[in-house]
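Scrolling down, you'll hit the structures one after another.
Presented sequentially are two complexes of subunit A, the first with subunit B as partner and the second with subunit C.
Moving on, here comes the complex of A and B:
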């Protein structure tokens, strides 16, 4: 069978200033343990406006209006720089404001758990009627609630409050009065995943002119769990997102693996398509409100804005080989196994050089490595360093050890084969996949031939194992040759070949 | 006597740097006692 291809990608960011304060765990933990803290008092002064989030250069890269290469021309830090493009919509997706997103949560809520104050909802409905992807959905919005009703839900029925511009505008109700897995807090987080996943999915379909009815299967790969008290992570976000995105011929399932899940999902999707099980598989993930402002204390302490102010989402379509789009080399896959070990050398060997060795490739044969593409503007002030750069240095060092690279070329390797990070620290969102939209271009109209996507996940956070995880896959320029498996040689054809050969043989005999 | 001999060690490793078990492995050659080892994810 032919390898599967990357047919398209869609990306979305949602600027969520009030959700930083009310739903980010750094802030909620601080409020419960130290309610009068200086950090909480200072926090609001450090939150960026929507316009500021639009002109933040890494955000414009995420939605495809700038390339990672463009971003590398901006001197760090980036928070005080303005992008040349400050658009809401980009080649790969959009940066949505919070009020529209709150209403999108209402639109994707099929159990009437999201209650919005009527004036707020009617105002935002007008905006969504102008949105290129949600006009029809917005028309379905009817009457909202009074603010008194919403306050009652919060005070007497444990609903989770929703704020916009510091004002109460709605709530998410709990879905059961005793079930700990259907609390309003969990449902809020899950509806954020669903709504942001739908947003990225719709952009994927819109930006790539894909007939939505052609989607056969969806793999959701975020880090949340949906289920009730009898099946905490029962699922399935995938089918729920497919339903709201209009993919009526699709079913799906959820794949989990912390930040490594998107690369696992990519390999799974490519394998399902290569096997002929499905023709078009979408991998999709919504974002996490819990991680908003995760490093906020360090940012505020250093006088920076709260840079973790956006929820991220993405969707990628993996399809059968069309002879055009880049192919997913499912034979060149790296795996950090149970027995791999944890030394940096063992990790990079398992994820990078093991798959290269299978294809007789050198470290320098991969034009670009997409690793954990966390934005260093966020991580460096928080003491976590420049994560992509650290990964590239380790890959380069192994190249030196394998004598595929001269030691003096290590830094130029990092520059040439690496990229600066641009994705928000939303766990799975920066992990390998932010580059796929660009890779599709670079490996078709651009000049690259091979890239590698690497995803790593911190499994130990779930307290079931001390291990972490990682997988990788090579993506390659399509050589245009497509194996057509339906062209089987028929019995008739074989008979005709034999007849032809007999005739030929007979004519030789006659000549003699 | 090595610099770690007789010392009690607390290890906080980094998933994207040197993870805890790798540091633990290095300390096996010394007389240090690892009293706590964990790997953290800073992103």
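Moving on, here comes the complex of A and C:
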């Protein structure tokens, strides 16, 4: 069977300044334990404007207006640099402002749980009518609520408040008065996942000229769970996102695995396509408001802006081989298994060198490794170091141990086979997949031949196991040969049958 | 544990990726938690403490196992900086 291909990718960031304050867990925890803290007083002074978020170089990389290579030419830190391009829309997606996103949450809400103040909604409706992807949806917006009604929902019915520019503009209602899994807080987070997932999905379809009716299956791979008290993680974000994106011929399901889930989903999608079960599978993930401002205390302490001010989302289309787009080598997959062990060496061996060995490849045969592409501008001041760089050093060091690389070339390996990180620290969002949009280019029109996507996840956070997890897959330039499975195999078989018969006949003659 | 087994019978092994964080962990089990946050705030245990990439530990274990488990990280980490940080903490605060 022919390998599946990466047909396209879409990416979205949403600048959410008020959600940092009201929905990021670092801030909500601080407010409940230490409401008069210096941090909460200082916080607002450190929040960037939408224009500042547009100018931030890593954000322009995320939506494809700059390449990771372009970003590496900017000297760190990046928060005080301006990108050459400051556009809202990019080759791979967009950076949406908060007011439009709040209204998008209303648009994707089919249970009338999102209530928006009428003036706010009408103002934003005008903006969305100009949005290239939401004009038709925006036309459906009718009358909003009065601010008094919204205040009533919040005060007497435990609705979660929605703020914009410091002002109350709406709320998300709870969906049940007793069910802990349908509280307004959980529904708010789930609607953020759904809305941001739809945004990335729509960009994927739009940027790659894909007929939406061709999508057969959707795998959602974020880190939230939706369901009620009888099935907390019942699902199914995938189908909900497919419905709002207009993929009427699709069904789907959710795949979970903490930050490793997107790479798990990529391997699943590639396998489903290669098996012939489906022709076009989209993997999609929305973002998390809980992680907004996660390292905010360190950033504020060091006088930096709150750099975790965007929700991230992505969508990737995996399709049957077209002879053009890069192929997903489902035979070159790495797995951190239950028995792998937790030492960094065991982890990198299982994820990087095990799949390479299957293909008789050396560490240096992979042109680019896409690991956890966390933006070091965010992680370094928080004491977590430069995550991609640390990963590249480990991969390189393993190459030295395998005698595929000279020790003195370790640093040049990191530079040549690695990239600087540009993705926001939204858990699953930076994990391997931010590079796929660029990989599609690099492996078709570009110079590269093989890349590896590596996803890792901290399963222990869920307290069900002490284990950590990870999977990886090699993506390769398409050699243009498409096996037409049914035809070619049968032709070959016919030829071999004929050859066999001729041989029999010849030996028969010889005997005679 | 120090009450149960005696501080002189305990060796602490750290595996932090950076000298600064290794030093913090080492200081915690010798001079007490420098952040004054945890249960070891102000408690001076003075334990013997080593990092996994230090020669004292490396020489004490099987060479092959060391290579298999730590060899790669030894190449990645700034071993000299870690050794100097750990030695300095031991010289100042170690009682055994």
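Convention: the second predicted complex is superposed on the first by the 486 of 512 C-alpha atoms of A that agree within 3 Å, B and C clash if a C-alpha of one lies under 4 Å from a C-alpha of the other, contacts with A are read in each partner's own complex, and residues count from 1 in each chain.
The working rule: a contact is a pair of C-beta atoms (placed from the backbone, for glycine too) under 8 Å apart; a residue touches a chain by one contact, two chains touch by 3 or more.
Here the structure is a predicted model, which is why all the values come from computation and not from measurement.
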Touching partner for A:473 - first (subunit B), second (subunit C), both, neither: neither
First (subunit B), second (subunit C), both or neither touched by A:199: neither
Which superposed partner A:343 touches (first subunit B, second subunit C, both, neither): both
Greater residue coverage of subunit A in the superposed arrangement, subunit B or subunit C: B
Which of subunit B and subunit C A:410 touches, first, second, both or neither: second
Partner chain in contact with A:398 - subunit B first, subunit C second, else both or neither: second
Which superposed partner A:461 touches (first subunit B, second subunit C, both, neither): first
Touched partner set for A:4, first subunit B, second subunit C, both or neither: neither
Partner chain in contact with A:390 - subunit B first, subunit C second, else both or neither: both
Partner chain(s) touched by A:425 [first = subunit B, second = subunit C, both, neither]: first
Shared contact residues on subunit A - subunit B and subunit C: 343-344, 383, 385, 390
Interface residues, subunit B side, partner subunit A - complex: 13-22, 25, 38-39, 41-43
Subunit B-facing residues of subunit A, complex: 259, 341-344, 372, 374, 379, 382-385, 387, 390-391, 425, 427, 430, 456, 458, 460-461, 466, 468
Contacting residues of subunit A [partner subunit C, same complex]: 343-346, 348, 383, 385, 390, 393-394, 397-398, 400-401, 407, 410
Partner subunit A, residues of subunit C touching it in the complex: 17-18, 21, 67-73, 75-76
